[in-house]
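Sharing a structure below in structure tokens format, with a few things to ask.
Each chain gets a letter, A, B, C and D, in the order it is written, and its residues are counted from 1.
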Amino acid sequence: MYKYLSNIFEAISTLFTGMGVTWGHMMKIRKENVTLQYPEERWPRPERDIGFNMENYNVIRSRLHVDIDDCIGCLKCERVCPVQCIKINTVKVETKGEDLTDISHTGITSNGTKKALIVSRFDIDMTECCYCNLCVYPCPEECIYMTGGPNSHKQPIDYEFSQYDRNDLIYKFAKDVEDEKMSKYLPQQKQVDE
Amino acid sequence: MGIVHGDLMTLNIGPQHPSTHGVLRLKVKTDGEIISEVEPYIGYLHRCFEKHCENVTYDQVIPYTDRCDYIASMNNNFGYAVAVEELMKIKVPERVEYIRVIVAELNRIASHLLALGTFGLDVGAFTPFLYMFRDRERILDIFEVLCGARLLYNYIWVGGVSHDFPKEFVKIVYSFLDYFEPKIKEYNEILTYNKIFIERTADVGVMPPEVAISYGVSGPNLRGSGVQWDIRKNETYSIYEKFDFDIPVGSGIMGTVGDCWDRYYVRMQEMPQSAKIIRQALKAIPEGNVHQALPKKIRPPKGFIYKRTESPRGDLAYYIVSDGSPIPFRLKMRSPAFTALSVLGEISQGWMMSDVIAILGSLDIVLGEIDR
Amino acid sequence: MTVDNLINWFPFGAEWPVITFVSAVLICAIPVFLFIAVYALVAIYGELKISSFMQDKVGPMGQGVGLHAGKWGLLQPVADALKLILKEDIIPESADKKLFILAPFVVFVGAFITFAALPFSQEIIVADMNIGVFYILAVSSLGVIGIILAGWSSNNKWSLYGAMRSAAQIVSYEIPAGLSIITIVMLTGTLSMQGIIISQQGIIWGFLPNWIIFNNPFSFIAFFIFFISGVAECNRTPFDIPEAESELVAGAYTEYSGMRYAFFFLSEYANMFVVSGVAVAAFLGGWNSPIPGFMDSPPWGLFWFIGKSMSLIFLMIWFRWTFPRLRVDQLMSVCWKVFLPVSFVNIFGVGIWNLLVG
Amino acid sequence: MSEDQDKYIAEVVEKALRGDMDAINNIEDRVTRSKAKAALIKAKRLSKTAAAEAAPAEETAQTDTTPTEKSLNQKVAESLEKKFSGSIDSEDVNEHIQLNGKNWFEIAQYLKDNPDLLFDSLQCITGFDFGEGEALEVRYNLHSMTHYHAIEIRIKTDRNDPKVPSVEQVWRIGDWFERETYDMYGIVFEGHHNMTRILCPEDWEGWPLRKDYETQETYHGIIVPKVKEGWE
């Protein structure tokens, strides 16, 4: 009998303790809510300081971006990608380090390296990207990076990079050049000449 | 009174079901509400992680390990990195070891929070689940500051880590710990000592230690059965021997040793222990270059290694065979959740429908790791 | 606004008795239906918001651009209702179609006809029957037939589980609920709802309102037994084992969608109001003001009744978002091993109390 | 300067050949580093056969540093030899014990029950394929929860008719681990009560982790993709 009653008493008291916890939370909702009203508010929350500044981040893994003018076509990122979502085609150029205005090719990167290759294709399939950030490290020119965070000054973060078509998520970073102009530099053309 | 025996009804729990923690199918034979047989069917998430690993280089394996136990990616990275480093005989800098311990323990807290929250959800308590998720979010925020990712980190590399701490990171972790430690009292009030919760979990799904060991159950599930076995202490790796922490084991306060409540409570007690380790590590962390020991090309010598580490779910082991090339010849992951799920059929016999869900929840499985 | 009054008031009552009766019933039923619909929207909104607040969220909010749910998400329940109405109505191929279609209406009718005996205020009651309490106890368990129909006709194992659990649960909890109502009948000596409320006017113990809950310690316990049994009859957490979304997916309602599911939803909320309404009428003074004599006129009666009911509904919501769920056998043992004996003790105690004090 | 550099490179290459790649990787100057690497490759090419022989020697050297494990392995091997003579295949028991699988079930029971050994926990079963046309192997990692020691046991089996006695009755976890190994390598564990695939679908063709595995073209009419379209 004692056990029976104490059991009931224990049940009631613990249940009331639990209800007290939820009541406390309900009363403090104005201060303690954690909701982010997404389209209006974005991370990090503007009005609340929880210790994170954009400068504080090491990196934000959002979306890959390539500064194609700096790319020297070394294929390091393509090789290191675990899911093969980067595809690069390059064309050798005779005039190393010179601007080719007709295909808007810059000869010298912002780091001062002379480019020996034209990057004719630089596709990143973001549907396959696993956001491992591995391609960012080996890049000698630091031209492939994740947008946002410490890179916001170069490329702001793209919160909703959603598309209606799957193919639109294949990002083509290479300069959009007509085939005619490009064909001048293609190796096959040269072989024919010889 | 005699027992009425009717025909058994076969019931498929899953693959789409709210409480199977992923895509798991349980083929259950029931006699009314009483379960007479449970047979888990797995493999719905199978993507042959091990075959993938035989086709990518050692550093490219790390993103794949992330995706095995996606709740505790840091620990997966950690285990893999430790195994490959031992194979290559790399000595990593002191600072790297401290950073690894800190992030691994943070991730252990995050993983346990998710385990406890979803366990609460399985027995019908929704609010504690969200409280725990709220606190887990803060850990994920910390990881986002650290390496840019919230779930799949690829942070711990062979020979080092990908980034050093950002400035003020130590302060952020301290502020999180100060925030987090009092919250455990709240969890206890709302869930642990709730009478309904105790009724639902105590004495339910008792896993005796012999059964647990025979089934290879490890981690908090094994400790819930009262076996003091923690690889961080018993077979110490990295720098865990430097820290002072306890290994909580189940003692059957509310029922029998090895019941669901014990497994739950072991996890609950492990979180403050992890916080304790983090505090010690933050205090003692030395300066240094985290990229110092990163090998340019990971090419382990011929040989094999079987290396166990303690993930939040138990003994996470990698069996790596190297043939001297930059690609692993064979990589086997011994996942703790795999063994934990295999015991379900044994310990849930004779319980009721609702108990099977509770037992499954208390085992804390992650299907990504079971199916690999 | 009783049906009897209406029938008497109709001038042609004697000539066409059937038409008179039907129109009188309809005149009462339509406002009640509208009331249930509006109340359900309010209650759903309340549930959304209260649960969110308890969980450190803000719930539905509609700030800014686009099709948001109004200020503070006020339009969220309307949007939910619209969505449910507009959704495709799916009937599983292997379901028993007639029963499947019938089930939600049976459940709703079970909840709906109970409103006939709820005293909203001094005048507003559909039918002030002299057996009001008995009527409510009788018809409120009608809903369980609908749930069994739903569970059986869905031809789904989860649904069947849910239905069987629900049947066992509701039938069991009828008993402690009925027994605790008996204590009221013993104290007031009437079965009429209005009669019970009228007997609760005035002051007791010098300062408390003369509500039955304050009448004696036994009735105080009886209130809790009745209320918790009521929560169980509504299939609300911690007694929501027929739905038990983590075990039975959605229990008896697994195969339902769209409009039919909305009806189950509506009847759940209607049931909550019924349970709260009966608890208020029987234990908390019904439409009487908490401070006797203050704001005690008939229009205020409606306010007090709905206000008190809503606070009990808030309590139910509070329960739901705090507690885990009981297991089916524990549910039964709570009913048969705790509530039932305590109810009997209560009846006995009230009898003694009446003899000695009253 | 160049002489110094050459000397330095030679030094570093020597180090690298001994396995210390860091020496090269830590060179600050890019040019020097690349030169060192080129030299290393050259050196390696010259002594390819020599290096291959050096590797196993290194492994044995590693195990020598852990004398406790060695003694355990030898102890286990000795007691097995005494009890089940002729069951051990290889003399070399430094790292693992190679059994021939004849009476593996009895040996397993002995390993579990012997009070000195008490391997009550089967940590892992790893299937292993040596390469096309060669044998398959099953590797068992055992651990004792009482004595806190561990051994590795290997059993080789024929590629065309792979059969190993099942130990699921000894260690219950063997059930699933053996099914997994069967699923991946097609190794049949004799005596297992339910030798079916566990991770792959029941009707999957081939044994995925064998080195000569080829993906099936279609599965139930679904084309199993190999190459992404338009991605070369």
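General observations
Here, a contact is a pair of C-beta atoms (placed from the backbone, for glycine too) under 8 Å apart; a residue touches a chain by one contact, two chains touch by 3 or more.
Here the structure is a predicted model, which means the values were calculated and not measured.
Path length between subunit C and subunit D in the chain contact graph, taken as the least number of steps between touching chains: 2. Across B-C and B-D, it is B-D that has more C-beta pairs touching. Chain centres computed from CA atoms place C at the largest separation from subunit B. Here the CA centre of subunit B is 44 Å from the CA centre of subunit C. Between subunit B and subunit D, the centres computed from C-alpha atoms are 25 Å apart. Computed centre separation for the pair subunit A/subunit B is 28 angstrom, with centres defined by C-alpha atoms.
As a whole-number value, the distance joining the C-alpha centres of subunit A and subunit D reads 37 Å.
Multi-chain contact residues, meaning those touching two or more other chains, occur in subunit B at positions 127, 131, 134, 190-191, 194, 196.
Annotation for subunit C: residues 54-57, 321-323 touch two or more other chains.
Those residues of subunit D in touch with two or more other chains do not exist in this structure. Contact residues on subunit D toward subunit B in their complex (touch as defined above): 19, 21-22, 24-26, 55-56, 58-59, 62, 95, 120-124, 126-129, 139, 141, 145, 148, 152, 171-173, 175-177, 180, 184, 197-201, 208-209, 213. Across the complex, subunit B is touched by residues 10-11, 14-15, 17-18, 20-22, 25, 34, 50-52, 56-62, 80-82, 130-134, 137, 146, 149 of subunit A.
The part of subunit C that touches subunit A in the complex is made up of residues 50, 52-58, 61, 63-66, 318-319, 321-323, 338. Those residues of subunit A that touch subunit C in the shared complex are 8, 15, 18-19, 21-23, 25-26, 29, 32-35, 37, 39-40.
The part of subunit B that touches subunit D in the complex is made up of residues 42-43, 46, 48, 50-51, 54, 89-90, 211, 213-216, 227, 229, 234-235, 292-297, 299, 301-304, 306, 308, 315, 317, 319, 321, 324, 330, 332, 334, 338-339, 342-343, 346, 371-372.
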